[in-house]
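Shown next, in structure tokens, is the structure this report addresses.
Which chain is which? They are A, B, C and D, in the order written, and residues in each are numbered from 1.
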Amino acid sequence: MPTHHFQPTHYHTTLGSHEPVLRIADGDTVITTTVDAAGRDARNEQVTPGGNPQTGPFYVEGAEPGDTLVLELDRLVPNRTYGYTSTMVAPNAVEPSYVPELPWPPERDEWVLAEWYVDAGAGTATLVKPETKLGRLTLPLAPMLGCFGVAPSGGQAISTGTSAEHGGNMDYRGFTGGVTVYFPVFVPGALIFMGDGHALQGDGEIAGTGIEISFDVQFTVHLRKGKRIHWPRGENADYIFTVGNARPLDQAVQHATTEMIRWLQKDYGLDAVGANILMGQCVEYDLGNMFDPAYTMVCKLSKRILKDILNA
Amino acid sequence: MPTHHFQPTHYHTTLGSHEPVLRIADGDTVITTTVDAAGRDARNEQVTPGGNPQTGPFYVEGAEPGDTLVLELDRLVPNRTYGYTSTMVAPNAVEPSYVPELPWPPERDEWVLAEWYVDAGAGTATLVKPETKLGRLTLPLAPMLGCFGVAPSGGQAISTGTSAEHGGNMDYRGFTGGVTVYFPVFVPGALIFMGDGHALQGDGEIAGTGIEISFDVQFTVHLRKGKRIHWPRGENADYIFTVGNARPLDQAVQHATTEMIRWLQKDYGLDAVGANILMGQCVEYDLGNMFDPAYTMVCKLSKRILKDILNA
Amino acid sequence: MPTHHFQPTHYHTTLGSHEPVLRIADGDTVITTTVDAAGRDARNEQVTPGGNPQTGPFYVEGAEPGDTLVLELDRLVPNRTYGYTSTMVAPNAVEPSYVPELPWPPERDEWVLAEWYVDAGAGTATLVKPETKLGRLTLPLAPMLGCFGVAPSGGQAISTGTSAEHGGNMDYRGFTGGVTVYFPVFVPGALIFMGDGHALQGDGEIAGTGIEISFDVQFTVHLRKGKRIHWPRGENADYIFTVGNARPLDQAVQHATTEMIRWLQKDYGLDAVGANILMGQCVEYDLGNMFDPAYTMVCKLSKRILKDILNA
Amino acid sequence: MPTHHFQPTHYHTTLGSHEPVLRIADGDTVITTTVDAAGRDARNEQVTPGGNPQTGPFYVEGAEPGDTLVLELDRLVPNRTYGYTSTMVAPNAVEPSYVPELPWPPERDEWVLAEWYVDAGAGTATLVKPETKLGRLTLPLAPMLGCFGVAPSGGQAISTGTSAEHGGNMDYRGFTGGVTVYFPVFVPGALIFMGDGHALQGDGEIAGTGIEISFDVQFTVHLRKGKRIHWPRGENADYIFTVGNARPLDQAVQHATTEMIRWLQKDYGLDAVGANILMGQCVEYDLGNMFDPAYTMVCKLSKRILKDILNA
């Protein structure tokens, strides 16, 4: 299958039906780069305005509404050493009466950054500043894509600050290299976008950032013609998972749970009662983000359990 | 330290300032039993009405409002082979428009049960009925307490169907044997209650049950005099964690997150900026339950990371 | 029918199965008083600790679980001139990032009060202090009960700071004199509680107070034997209404809406489609409170429209 | 000032930076029409696909980001006799366990309509079918715009199915003829859109429709240069009001409340404490819709009270 090397020259801060930058086919691989959330590239130079600017869109030949796009995140690697995070948990992640206790900057609408030294070779990120009791806190890298997806339906152009059925700014730490993601296709060509790489991130992205950084990215696409799904799905070595994006978190759980029940019944052949019993005792949930206008919850099932069931 | 063997003769379906069944001291250990959520004991006989009936309350000598109760869950073991779960995910856990698709029983207010054979020796639970595509699904046991805590403040008697600052029906699968839980003390003697054992449970208790079963329980208490906390806290081998109980999930996250920031600053000596940076990149969340009137979210931090910080 | 004059000597800060202070019968009228939310009486003297202390409970002969209690609020009149409110909107009623902009007192856990002169004869409340750009703002009285209801089920004792199916701290400005309120009966005698009078209040009680004041109260009770309702209902000259108490507001709306649909179908004889069409185009909602642990939303239908339908 | 007569030839189902259909100036009046939510015009002919198609956008000369657009809704009149509503309350507006009790059509994804005869001269709407216990229910008209607003920021094209800071599908029954609405300007020319007329509607648009109908519309625009607001505002004869669009309702209240406090302090010259005291006792809230992806709550203050304060 062909491998495309694509060097972006411009970026988008909405996911919409924008002019494709490259046309690719089922089975193709793309090697490209993403800038950080602030629009800075591998040299840490500002090449586009901030706000999770996206590389793409990539047009997948033959993709039509009602299909499923299979996106294999082959490789996600920070391509510079400078990363940054915020220094304050978001006000919506703490009790309302605690908000004034947060370490607000002197001017409340300022944005004070912490800086991290990211060593992709060593696989670590080290806090460089500010000086705190954390010292030179060093954490293992867990690179992930914060914002990616496909063009939404109906001529919408949805901000890279939020998310919905088409993906977008889900900020889920499970979107690492090696993961396969499934998106509903809403427009011809699907139109793949990606950006907002994080060297690592806590659950919930409750400070509004992971360690924000530019990425080298490699991905491979496949098409499932005529396969209709409602919300993003994914799988890694251990789990299949579904993604719900909405507020409040309860509604995100509802979307993810419903999509998983559908998956179990339509694709794994479970009866309704079986699917419900299984979900009740075996489901796991991850919190993607609780920062963006739409929050993200992920519903997971162990592949080992599913394999046992199918083999029985 | 003394070990008390206590055989309950009656149970409570509220956590409140009820007459103590036993007075114990800082350092004491209690060996006792709990009935299942439906009020059935180790012989699977109905000994009290259902609704998460609680063993206790145990009065801890010297405990006063403003103290912290340390509750070590030494041992939680199912003491019979019969367990049950529901066969339908709760309507509030799926999209509202999907609710009619759930496998409702013919009479909608019925409650159809699945039965499990629980083998504590083998460490497994096996689905016995109904017949579904799951067959004889066998899962590893992970026994946990669904509902436990202390008496709340102000003369309240809070239903064992819900939860708040005092604990209660949190249905968090992390409350396993070996875990230490910290509760704020609201009344003299703290008044410890426990019940609603689950042989295992999925995140969110989205079917409204774990595998419901009676337990043999051993726990040990300690007191932290004059140590004031706001929400339940806990720790296991790998994590410290805080628990928020509220609706929607967002508010449960807010309570748990705020309590963790307080913990980091007051007990681990972190400055506010350090605590906020750490939370942003290292926090993890678990979903306790999304079934009860109050939902439960758990905020976790890795003890290894904290150890690295304190040693640096 | 007898009229009872009852002078309270003690108060409760939970609604629960407490010892009745008076036994009354279907059709009886009670004339009594309530203290303000802080426990101060008509002379503005502290007679009991604060926290919406309740007069009662009144035991209604013959009331049993499954009945409906009819509570006519005949007369609610402030019985002193001193009223108070808070001076800050609650943090949960504004955007999280706006919370630090609120007029916090120097010590954040202080509670700064505004004082009002309440003239029941003139029917006005006048702001006395602090000095603000509002000057001597004078508002028309609209006296209402903030917290009242019946004892809840299952031996619960629910704080007067919150609300549920049994009523409680609903803080709805529609609970004025002349209104009839219907409560489900959960315990023998129903056990009526009342307190927390407000000389007037904004929607949502977003500052956490109305103009808090002590009341002279007159009410009359009736019983509807065997009539089962799920949530508080009410009616005034113009509307029938139902009350949902929960968080978030969405869930409060769900309870109130569901109860109204039931009411229309069971008591007004509407078919399901008719009830649904009517609700869709004619329903109105009021916001009771968005301050307490459980929020309150009220679902209303015009009695004139209902009369037209029934007469057609 | 000029009056423009504009006959639309195409429609939009997103609010975005689309090609203007007409350029108008501060003070200009436009007389035009809107199709109904399903894309049907005054002759009840399908002229465009459904989904709240919008007339416009109208480009206001001189409008720039950071300005406020003043939109006077001079006249909103149904221009045909056929109106329709749904026959079922939306699943998200009732308790989850009640959802199966709703009058679902035989095929659950069908959409069964009720038909109304709208007599603009008589000022009434009469239910024509289906046959229900409502008979020929006749209601007074209260025509209002369901979906209107300006183009959002950042190149977004936001579906006419939802709402945000730019307006959109707010479905608030207060947007009647005679009301003045203020929108933040996000793009040059502001770009005004409007559609989705309702002959009348209940609070919350809980059935997902008002009485859907095509409109004759007249509006007049003004500009407030350099006047920055955050959320839509409005005023009628009796109230000033602010509009918050978000989920859950709690967050919509937060936006509306915060915007009102800003308004009182910046434009009415109130001090923070004064504004907070006033809000606490005098605020009113309306429920716009609880159906769309973003819900709408409206915060209101009486103009008479404000006048008294300003004159004092």
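The definition used in the following text is that a residue touches a chain if its C-beta (ideal position, glycine included) is under 8 Å from a C-beta of that chain, and two chains touch if they have at least 3 such contacts.
Since this is a predicted model, take the numbers as computed values, not measurements.
**Q** Same or different interface residues for chain A and chain B, judged by whether over half of the residue numbers are used by both?
**A** same
**Q** Averaging over Cα atoms per chain, report the distance between chain C and chain D in Å.
**A** 32
**Q** If you average the CA atoms of chain A and of chain C, how far apart do the two points sit, in angstrom?
**A** 46
**Q** Please output the residue numbers of chain B that touch at least 2 other chains, ranges allowed.
**A** In chain B, 92, 96, 247-248 touch at least two other chains.
**Q** Thinking of each chain as a vertex joined to the chains it touches, would you call that graph a line, ring, star, complete, or other?
**A** Topology of the interface graph: complete, with all chain pairs in contact.
**Q** What does chain A use to touch chain D in their complex?
**A** Against chain D, the touching part of chain A is residues 12-14, 16, 51, 154-159, 246-248, 251, 293.
**Q** With touch defined as at the start, can you tell me which chain D residues reach chain B in the complex?
**A** Residues in contact with chain B: 90-92, 96-97, 99-100, 104, 108, 248.
**Q** Applying the document's contact rule, which stretches of chain C touch chain D when the two form their complex?
**A** By the definition above, chain C touches chain D via 85-89, 92-96, 98, 101-103, 114, 127, 130, 132-139, 200-211, 247-250, 253-255, 257-258, 261, 269-274, 276-287, 290, 295, 297, 305, 308-309, 312.
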